[in-house]
Amino acid sequence: MSRFALAVVLLTLVYCFALASFHPWDIFFGAVISSALLVVFRRFLFGGEPSEIAGLPGRVLAFFPFAFATLYNILAGTLEVTMVVLHLRPLNKPGIVAIPIEERTPLGVAVSMLATTLSPGTFLVDIDWERRVMLVHCLDASDPGRVIEEHQEFYRRWQKRVFP
Amino acid sequence: MHEIVFYVAAVWMTLLLGVSAVLVITAHSTSMRILALDMLTLILVAALVLFSDAQVTSYYLDAALILALLSFAASMAAARYYGERNLF
Amino acid sequence: MRPRLAAPVGAVFAALAFAATLWGWLLAGGGTVDLPWAPSWDLRFTLALDGLAALYSLLATGIGFAVTVYASRYLPLHLEHQGRSEADIPRFHFFILMFMGSMVGLVMAQDLILIFVFWDLTAIASYYLIGYDAHERDSRRSALMALLVTGITAVCLLIGALMLYAAYGTFSLPALIEASEPGALLAAAGALIAVAGLAKSAQVPFQFWLPRAMAAPTPVSAYLHSAAMVAAGVFLLGRFYPLIQKTDWLLDALLVVGLGSMAVGGILALTRNVLKQLLAYSTISQYGYVVFMFGLGGEYGAVGASFYVIAHALAKAALFLTAGAVTEATHGETRLSHLGGLRRELPFLMVASGFSAAGLAALPLTIGFFKDELFFEAALERGGVFPALAVAGAVLTFAYTWRFWSGIFLGERRSEAHGVPAAMTVPVAALGALVIAGGLYVAPFARLAQAAGEVTFNAPTPIDPAYHLDARAENLMALATYALGVLVILSRSFWIGAAEAFARLGELAGPERLYFASLKGLNAFSDRIHDLEVRDLRTRVATILGPTGVLVGAGLLFTPTRGAYEVGAIGPLDWPLFLALILVAVAAIATVFPRRHLTLALVLSSVGYILAVVFAFFGGPDVAMVQVLVETIMALLFIGILVLLPRKVLEREASNPIPRRRKVRDAGVALIAGFFAFAVSWSTLSQPALEESVAQEHIRLAPEAHAKDVVTAILADFRGLDTLGEITVVGIALLGIATLLSRGRLW
Amino acid sequence: MIAAVAPWVADALVVLGVFIMTVGVYGMIRMPDIYTQMHAASKAVFLGVISFLFASMFSGDPAIIFRAALIAVFLILTTPVAAHMIAKAAYERGEKMRTPGAVDQSGRGLNREAHPGD
Amino acid sequence: MILVSALTIAVLFGVGSYLLLQRDLIRVVVGIILVSNAANLFLISAGLSRGQAPIYPLEEGVEVSDPLVQAMTLTAIVIAFGISALLMSLVYRVYTSHLSLNLEDISEAEVREEESIESREVAED
Amino acid sequence: MIVFTLGLTWTLAVLLSLLDGRKHPVGGIALGGLAAGFAGLLVLGWEVFTNGPVTMVAGGWPPGVGITLRADALGVTFAVLSVGVILIALAYEAVSGIESRTFPALAMFMAAGLTGLFLTGDAFNFYVFFEIAMIAAYALTGYGERARQLRAAFIFAVVNLLGSVLFLIGVGALYHLTGTLDMRMIAERVAAAQPNAALLTAVAIFVAFSLKLGLFPFHYWLPAVYTGVRPSVAAMLSGALANIGSYGLLRFGGELLPQELEMGATALFVLGTTSIIYGALQAVSRRTMTEVLAYSAIGQVGYILIALGIGGPVGFAAAVVYAIINSLNKLLLFLAAGLRGWMVGAAFAVGAFSVAGVPPAAGFLGKLVLFQASLAVESVALVALIFIGGALSFVYSFQIYQRVFWKPQARAYKISPSTARLLVAGVAGLLLFAGAWPEPLLALGQRAAAAVLLGGAP
Amino acid sequence: MKTSVMTRVVARVLLVPALVVALAILIKGYADTGDGFNAGVIAALGMLLQYVAFGYEEAERMMPVRLVAVIAFGGLLLSLAVALLPLFWGLAIFTHVPGPGEEVIHLGTVELITPVVFDIGVFMLVFGFAVGAIDLLARAIHRRET
């Protein structure tokens, strides 16, 4: 239920943002449309997942630090990429690093990789479920061990509480 | 002053658009072309946002919105076709 | 319904029609039907039973009756010989009746277009009758020939009629006769009409179709030659004679044609071996007389021509029916050289056809005597060399008629023969009896001819053919004819070589040869130019773009261009648009180069996306958005199709090098196309924008439509019909895609 | 105060965005292989757009602000996916890394040194 | 500006025509799309005014872009879209029936078919 | 009444899209609906001919703002003609057994598109309806799914799309030159436009319609298409769809751009002449009936062009009359080409006589009006040319007629359904009737020509 | 199916937002940019995203694709009805309600006017077309593979 409610709220927000209007009627229609669509596609969207989100308030709270950490990564990455592109720093052994998935859920993998890919300097190439690793391309892979460690550190510290 | 900034930026964006279009055409590999087209759509979003800012209207943002939301479907399709010769 | 019933039905129709015509002319004094036909084009359905109409109607129905009776026995035998079913009988009688009906209509019609309609109806009927034995190649070729010669020349009649209408504003023949004045127009129209008439009456140089038409069953030939097809030709001359005679050179031309036909027909008739061929050339020659008489002009010419038609029709029909009966009696023998001595097997036929032959040869006590009398009188009236020419013609007639008749019945027997049914001889006898009756009491025929002649001459003609037992010129000419005729018959071995050489010359260089050569050449030429036809899409497209460019070029040449073109200022705020436009052009050019299809798709997408920017810069957010969306979904579709197509095939296309020469050619065509688009758009956009436009109204009225977005107001309200049509196109596209990809299943 | 500064901040953000995007496009030209280009092209340009979107936040027009926010959210979700898909395609087609000394832990030997003859 | 618009339209049209002349069916379809783009661009260029987007509230004294050409362009884009989609599936079906994407092979099939007709039906003289 | 047929066929077409057209009742619904639509058009025609043009502005807006639907003598004549042709072709297919799910729906869409196209008074709306009819035709051309049909569909689509684009450019240009899309207003205002721009616009529009007509040298697509498709589809394409070309030239050339038409008269004569001779020459030696018909079609439209070039009440009337007759000829001949039997032979003969201009088949009226029009401009050359073209049409019509219906056939044809044969005979009867009582046709031509000329008047 | 979990998660997450945005664009169409056509394509692209990310079979399972044709032609019918129904009141086609000068009921951005209904028809048709066409294509690809 809370999963559904959260979805309705977010979708209603999308609707109102798209209309750029928070008129009560618009909120109402947004909620109606969102609920209706969620009902129509419930099997596709929620099939197999519990309807309740465990520890919702805590996860919402933990989301913000996670977001800021990601933003920091993005800015730092941007700087790095800029330096490399503008010949201010040499292109030092880029390459593909295999980062173990460890205890991440599929959603966790997705979010982890989204955050990784968003920040310049790293992006997801492929996921190898047999080896249970995520292949990530790094602009600076001169020390793969350090890269892996940084990633796992980021996951444990910021992401795990929101998207395990 | 602000107009000039926006105006120069708009011209500049159009030029960037041109560069990415040239990249679509001249890139060495297909993956680069797809990447260049993806970049082109992003620059397009930027150009539309800028144009909206310059005109102080939201009208062009709708096009930018749907580009942001959905144009990656085309990139994905192209990439899938390139990578595995399949789609759907 | 039994097929054989068709003959009695046809005969009854013919008899009734004959009776009705006779009654209408003799007792009711002619009469006119005048109905509006196509008032908006001044066409009237006008029929009048005047003397000329009466003459030809009586011939068409009377001889039609005889032919139908004859065919009632002939046709079943004919079909039996060919192994065909009797189901084909009604078709024959249908077309004979149609022929008869259209002849009657033709001769009575007073409206030029109506005349043309009936004229062509006779051509259709004759086409089907000549092609009655359609399984035989000869029959098909002959039918086609007859149709082409008579049908195409018929168009001359139409043109002539329309010229007269253009000049005098009426299609009514009597009115035209009143109104028309000599001049170039009248001469041209008259000449065109005369061409139609001459072609149909098988006059030189159109004579060749008639002997070919002998491929038809005998009753058809009999009818065609005596009362219908060929007669229609001279009828037309007679009908339009009041117009034709206003032009002197036309009459002279008729003289020449008539003389030529007389000579050609007569000489060839002397050389033919096949019975019907002989008769066919005789017909050409005989109608040559008629045309000759028209050419001679004067009242004798007019009346003589009419009288000649009657006399000839009676005699010739009988002779054709004789030929058919003889062939039937001898199990299909058609050659004179294999016939002879049938006086014992077919005595009745011999006598009956003897009367007709005598009539054709213009012996006294037959109606034929008077035809030649009038003929000679007309020639004498004109004077000069013409009496001599007339005698020469008559001599030929005398000679070939004798050859025909004597060749069948006299001499020694050369083939097996048996009797023929009475239905095949009685019509011959009846016609023969009429030939003799006319010789004994000429008045009714003379009256008919005179009535017709008056119509033709467009003035009273007090002409009264009769026997005059004195040494007047006509009688002397007749005697000379008989004497010379006998001489010609006796001296056959002297001139036959020359005559046959003449015939062979005609075969080698005559109009028939020309006809076949042109038809063959036409087909060959058609085949040749068909090789020039384009069979690939590329050239098909090029042949559109090239001429379009040429037309635009011509358009530029013919209109003033000075001051019509503007470069247009680039305002300070226009630079982004300017750049974007250039980008579109660059990206568009880039679509030429990629080999791989995926690259092509990507480049195409970039063109589309940049175009969206252009639309945005033009102040059209809605358009920009649609362009973006369409481009995205098109990319999906494009790639989907690429997935569907096997990789190897795509790679083959990708690696297929384009020859340099073709590249140059394609680029040339593309340049022309670009030039077209450039010229049209530049010239249009150079026109200063109008202050007032309906778009201003749309902007003004959008609030009335409760809309803020004027474009959407236009799409959903002002011009909703366009949008409805547009989505219908999309819906049909879905239907079409379903048809192509899943046999029309939509789910 | 804020109203006076806002346009200048917006201008600055625009200039920043243009700069980042230019870097991205230039990186696309400069980088030797698809993997390294990806960092510049997809991501740098994305950040430039975000910068523009922040700039439009200062317009004060809610119609612009809300949509800009929405665009940003959607871009955050979609650009990584597009980049990843393209990289994955290149990876599956076995496109090589062209930088000397490239690291490859994928096990497919995409670095030049690993299998020179491949 | 007029000249530039005209030139761009001409390039789009010319390049589209060039592709229409190619042997590859897919290029032909691309040609059609480009030629349609030329028409769309011409339509919007043919507007009688250019300025702000024609959406109320309109700023006073500023020229408004011609909404009618925009509506026409929109309609034309959509129509071209539907037709191009149909044309693409037609390309696929032409491929499956001729096993080639090459117009040369396809016109050869046309010629072959015609020749077989010519030889079967001998003309009557 | 003006939207009855349009609305009915349109709605039905949408409903039919969801049904399986191979089922008998579906074909029946389609036929019944189209027949009702046809009847509606007849009623509308009656209204137009007794009370003058019927007009409706969509949305109740002022003319020009909303789209004007206008039924005048010209439009309603062509609408009746085209819908009638589709009706008969659909009936033909229905009695022979429809093989495609989508055939009835597509035929209905084509009818709706053509109805709208002939009854609209708006240039851009014309384009939209034009595309509806065309896209339905593209889909229909592939009907039968054989290789040559698909090939034909592709060629047809590509070439005609090019034509559509040219036309669209023309419409855009007209808007820029006049500031309106309403045909009446365009006609009033276009004289004030720069002659150069107007003429070039006219060229674009002219080429677009010439393409549709299959006029030399824009005809190269036509033989492959007409011979490739099924008889009923060929009948629809040549009997109904090609009318767009004649109508378009009359409406846009005669009414909207009369000065440009006059300027281009020489070009019209040259192209028309070449078409007549070229098409006829090609047709002469063609071996199959459909091939002959295809090339004949190219030749026949040349006459229409010449009539247009002559212009004025006489020329336009001739063009209309000729277009009507040509349309019926092609309907008859293409349908007959798919059948055998004596009745079909007779019907084909009527068609052949009509093509050759032999009365009483209505074709002679066409020749009549053309000669009349040529004489009106006192052009001996034109008269001679029409004469030669007519002579050639005699040759090819009857060569092929004899070859197919007279020559003993080596191959046995399966006997055709009697209803289909009756249908063909019915069309032949119509042609004969029209020839025997030409007044309606000739009056129609004059009224339609008057509508064209009136439209151009200020 | 070879897309990674990230792709699939994002595609799935974007489905309903795309549809919501589409409806928003449809609803505001009369007052702002966008219209039925735009909305239809957006919604369709949202669906087609799932085709690309999950493959044809999976995507078909999530929604009643059978209905696509009905949606498409139902939409066309709806638009036709809006266009033609005024005839029954003796009005010109496309006469919209409320007419010029009459009061319009606004429910937030939603306007209760018949052009919106017309646009909904357009939306349905375009949505049905885009999804239907790609679905047909996907099926054809699938058929070819098996």
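As written, the chains take the letters A, B, C, D, E, F and G, and residue 1 is the first residue of each chain.
Everything below uses one rule, namely that contacts are C-beta pairs under 8 Å (C-beta built on N, C-alpha and C of every residue); 3 or more make two chains touch, one makes a residue touch a chain.
Everything quoted here is computed from the prediction, not taken from an experiment.
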> Hey, which pair has more contacts between C-betas, B-C or A-G?
Replying inline: B-C
> Measuring between mean CA coordinates, which chain is farthest from chain D?
Replying inline: C
> Approximately how many whole Å separate the CA-defined centres of chain C and chain F?
Replying inline: 25
> Which whole number of Å gives the spacing of the CA centres of chain C and chain D?
Replying inline: 78
>> Suppose each chain is reduced to the average of its Cα coordinates; what separation in Å results between chain C and chain E?
In response: 44
> If you average the CA atoms of chain C and of chain G, how far apart do the two points sit, in angstrom?
Replying inline: 60
>> Quick check on chain E: which residues sit in contact with 2+ other chains?
In response: 20, 28, 38, 42, 46-48, 52-53, 55, 68-69, 72, 74-75, 78-79, 82-83, 85-86, 89-93, 106, 110, 123-124
> What are the residues of chain G that contact at least two other chains?
Replying inline: 2-4, 6-7, 10, 14, 17, 21, 25, 32-34, 37-38, 42, 45, 48, 52, 69, 73, 76, 80, 83, 93-94, 96, 129, 133-134, 136-138, 140-141
> Which residues belonging to chain F are in contact with no fewer than two other chains?
Replying inline: 10, 14, 17-18, 58-59, 66, 69, 124, 128, 131, 135, 138-139, 142, 145, 154, 158, 162, 169, 172-173, 176, 179, 181, 224, 285, 399, 402, 407
>> Looking at the complex, which residues from chain E come into contact with chain F?
In response: 20, 25, 28, 32, 35-36, 38-39, 42-43, 46-48, 68-69, 72, 75-76, 79, 82-83, 86-87, 90-91, 93-94, 97-98, 106, 109-110, 113, 117-118, 120-124
> Considering the complex alone, what residue numbers of chain E touch chain C?
Replying inline: 1-24, 26-28, 30, 33-34, 37-38, 40-42, 44-58, 64-75, 77-79, 81-86, 88-93, 95, 99-104, 106-107, 110-111, 114, 123-125
> For chain B, which residues count as touching chain C in their complex?
Replying inline: 7, 10-11, 13-15, 17-18, 20-22, 24-25, 30, 33-34, 36-37, 40-41, 44, 47-48, 51, 57, 59-60, 62-63, 66-67, 70-71, 73-74, 77-78, 81-82, 85-88
>> Give the list of chain G residues in touch with chain F in this complex.
In response: 69-70, 73, 76-77, 80, 83-84, 87, 91-96, 99
>> Show me the residue ranges of chain B that touch chain E in the complex, using the header's touch definition.
In response: 55, 57, 59-60
